[in-house]
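Below is a structure I'd like to ask you about.
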Amino acid sequence: MGGPVQEALEALELVDHHCHGVVTADLTREGFENLITEGAAWPGISPFDSPVGVAIRRHCAPLLDLPRHAPPDEYLSRRAELGPREVHRRFLTAARTSTFCVDTGYAPERLTTPAELAGTAGGTAYEVVRLEGVAEAVAAKGVEPDDYGDAFQAAALDAVQRPGVVAVKSVAAYRTGFDLDPARPSVAEVTEAARHWSARGGRLDDPVLVRHLLWTAVDLGLPLQLHTGFGDNDIRLHRVDPARLTDWLHLTTGTIPVLLLHCWPYQRQAAYLAAVFEHVYLDVGLTLHHVGPARARAVLEEAMEITPFRKLLYSSDAYGVAEFYCLGALAFRRGLAGLLQDRVDADELGLPDALRFAEWAGAHNASRVYGLSGPS
Amino acid sequence: MGGPVQEALEALELVDHHCHGVVTADLTREGFENLITEGAAWPGISPFDSPVGVAIRRHCAPLLDLPRHAPPDEYLSRRAELGPREVHRRFLTAARTSTFCVDTGYAPERLTTPAELAGTAGGTAYEVVRLEGVAEAVAAKGVEPDDYGDAFQAAALDAVQRPGVVAVKSVAAYRTGFDLDPARPSVAEVTEAARHWSARGGRLDDPVLVRHLLWTAVDLGLPLQLHTGFGDNDIRLHRVDPARLTDWLHLTTGTIPVLLLHCWPYQRQAAYLAAVFEHVYLDVGLTLHHVGPARARAVLEEAMEITPFRKLLYSSDAYGVAEFYCLGALAFRRGLAGLLQDRVDADELGLPDALRFAEWAGAHNASRVYGLSGPS
Amino acid sequence: MGGPVQEALEALELVDHHCHGVVTADLTREGFENLITEGAAWPGISPFDSPVGVAIRRHCAPLLDLPRHAPPDEYLSRRAELGPREVHRRFLTAARTSTFCVDTGYAPERLTTPAELAGTAGGTAYEVVRLEGVAEAVAAKGVEPDDYGDAFQAAALDAVQRPGVVAVKSVAAYRTGFDLDPARPSVAEVTEAARHWSARGGRLDDPVLVRHLLWTAVDLGLPLQLHTGFGDNDIRLHRVDPARLTDWLHLTTGTIPVLLLHCWPYQRQAAYLAAVFEHVYLDVGLTLHHVGPARARAVLEEAMEITPFRKLLYSSDAYGVAEFYCLGALAFRRGLAGLLQDRVDADELGLPDALRFAEWAGAHNASRVYGLSGPS
């Protein structure tokens, strides 16, 4: 674990191109356990007894001055003792991440803001606008079905013109999956769908309106982050294989960058899309902390089998608990460094190339896609 | 191969939560070859020349007093010489399995009974009732379409009230795949479907009746074993991805445990379901002996990437030949021990946790789900 | 890297059962880059900065008298200096491939002919007839819709009766994907579809005519190569999972050998089909050079998890640049040898078996399936 690729990635300040804020309140054991799993804390089945729980006890406990593999109770007790701000500070410092692109559109609880995140980390935070949230806010204010299309587009434009916004995001994966008609819907179709939605209420999950949202993203001209693959049980996993986006990717070629998030277990399908469409990029995001350092490399190996090295980005997808900024960064650095260093050691890859690819994936590709300051 | 996790798993008496009996008659070469493959013995393409055949010659030959990698002819000759009972005894002894849950619903030939299996192994055998068999027996006796629903439910209830029954099983994967309407069918729908089935005859493969069967399982209240993924060529592999069960799993949340069997090549999809649904569990069953010890660990690594350690079970899915009780157990023990021990050695996992997870997967999780005696 | 399996595979003259010719003209940088990717040379994203580009610089540069990992500019400059014939000669010599089955049906540019390929390599070249090309030539000549079925069949029969033709190929994957009605279409259906095609023009992508083409392949009686999985962005990856061919494979059991090409990321699904259908074979073809030697073994491990050793073949799928004959052969030899040798070293596989399986996959299985001269 001491080769030059490892050293370079240890020294590299990462760009975390997709994350969220963390809960600012004190957490109960159940509250914490519910935040570290895409499932829940079930009777007799603690999320601590899963790969992510093992990784937290191993890698996060020492940052709270506890021994490696500290028991959950000790971990949570020490965590409570230090308090949210100090815990947050320690994990963000350990993450060595200079730049965060923060999805601010999902906050059932009070979360840290991008500015708070940047302040704690001593870095820079940009904002990612979740378009479903914009659409639902428009609907919540009350809008005539005839006006919905224009009103949503105007609201989205307003939202992305706020300072610091660098991208938009869609959770179409959760709402309809990707078996959508790829074409831009007509005005009449949008009005009709808005009429039904208005009558029915609830979250935006009408296929026509989801398509309209995706095409609105194209019109906005900013990079679009798309949740794909793994998530909570609101996902239908077989319908969020990013390969199902192929027809839409044909139609959007030459427009905005499309960033496939998470992807697991379809990381090879995502790699295929990144290899054959100029505007497609990927990360393994959420997967990193859930599989933990023990398997992050294996997932990255698959994700990188055919992916151009300009197309892989880093994200932690941290949400709720600050541990994940740190665990994601750790799993990514070790996984990528191990993979590249071994290829260098086997003389399958030149060291200067390995160092270049490591910097690209860890920071420069994100700077390039989002137009951030710093090398790209 | 001498770490404490290996030692613990070598010493642990396994619970094999899903297996079958073995053929009691003498087997010809063709008969044996047909039993060790999900394909068949084809001209010029012997099942011995496949990963499972290699594993048998390597790991089972020494138990018949032959050298490792003994040629097929010698293997079969010695096997015949010893006779089925002695062969059965040797492989079951080597399996070090204390408890068997035996699917008794598929027996085109005379197979050992659960009691015979338990007797030979010096262990305990429970029974798993295959619901398609119950339904087909009801139909075979003759039943009015109006009465089919009630008659099947009554027969199923009778079947599971027999002593030693701990679970039910469905092979819906073979009959319709999982692209089913997840809702419980109405009485009228069941009657109408039963009318068609009655007119048509044959095995139960009507989608309405398969749904009715799955919901009958829910009513019975016992754990439900579901074949998913890999099987013989009667499967349509892309239709038995367990992710396609998601809508049904939402509707059945809070009811019975659902055990996804085999899963390959969808072990990651199965892991996702086990991670996000409280009532979902998985094994890699049949896969273990088909890929053999050379690849069992790799498959387990994927199956366990995000699976809570309370959710993985062991099964051999042995059918027909006694070799598979032994090969499954060997592949599982080595694969799991290698995976856990390496994590302990890399200090990614604490030894007490590794030992706990090994016991859970090898025995306790099954005891817990099925309410068997012994630690859970 | 010096065990007896490696030595045997190094010494074995491979049979490359699926490849193409290479461009005979000089190539610009952009021309070369476009040929080494299934995507394209995009601004700021060079195909050299991808796994295949890394593999070329590592393994092909020394064959042009350059240091390992030579920069792209030096590589292309030296390549131009040597000229196409010398470059072709060097890479073919390094491939140590005695026999080529050449798909001659895709040649938007002037490519080397099978005879030229054989001459340069000092080996033998056979031809594979791409049936879509035959059908489109029939249509281009003008044919009444009523006559299309017969005319295509006659033309296909003519084409395969040319000397040296050993197989046919279909790119149905690119035209419709595999969600086809598996049944042979009626004459009336073919006529009706031919009428529409005739009115519409363009390439053959009518589902009825694609089915007719596949059934014509069955009638011809030669082995059928089927593109599955990975390709350029004209593929819809989720629709070319070979498992979707299952119904058609049931109907064609007992007829012609069906060879699944490439397969990635569905190599496990392809392995399943090869394990349960007598007439199904697979390779990982195109995948070998795209993932490069760094990952070829990992892909082969998955492809071989349950595949009978009689069912795996080698192909380079080289197209356009001669580097790929060499890279494919190198990745295959190293990947397979590493996999088998490690199993021998772990005493999981006997050495004589490993040597036999290596010869089968590298050469004999292809000789057997296509009826080529040499051991089978």
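A, B and C are the chain letters, set down in written order, and residue numbers restart from 1 in every chain.
One rule holds for everything that comes next: a contact is a pair of C-beta atoms (placed from the backbone, for glycine too) under 8 Å apart; a residue touches a chain by one contact, two chains touch by 3 or more.
Only a predicted model underlies this, so the values are computations on that prediction, with no experimental measurement involved.
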If I superpose the C-alpha trace of subunit B onto subunit C, what rotation angle comes out, expressed in steps of 5 degrees from 0 to 180? 120
Residue numbers at the subunit A-subunit B contact, same meaning over half shared and different meaning under half, come out as different
Between subunit A and subunit B, what is the separation of their C-alpha centroids in Å? 37
Give me the residue numbers in subunit C that touch at least two other chains, ranges are fine. none
In the complex of these two chains, what residues of subunit C are touching subunit B? 241, 243-244, 246-247, 249-250, 268-269, 272, 275-278, 301, 304-311, 343, 346-350, 353, 357, 368
Listed in rising order, the residues of subunit B that touch subunit C in the complex are 37-40, 42, 44-45, 47, 49-52, 54-55, 57-58, 68-69, 230, 232-233, 235-238, 264-265, 290-295, 298-299
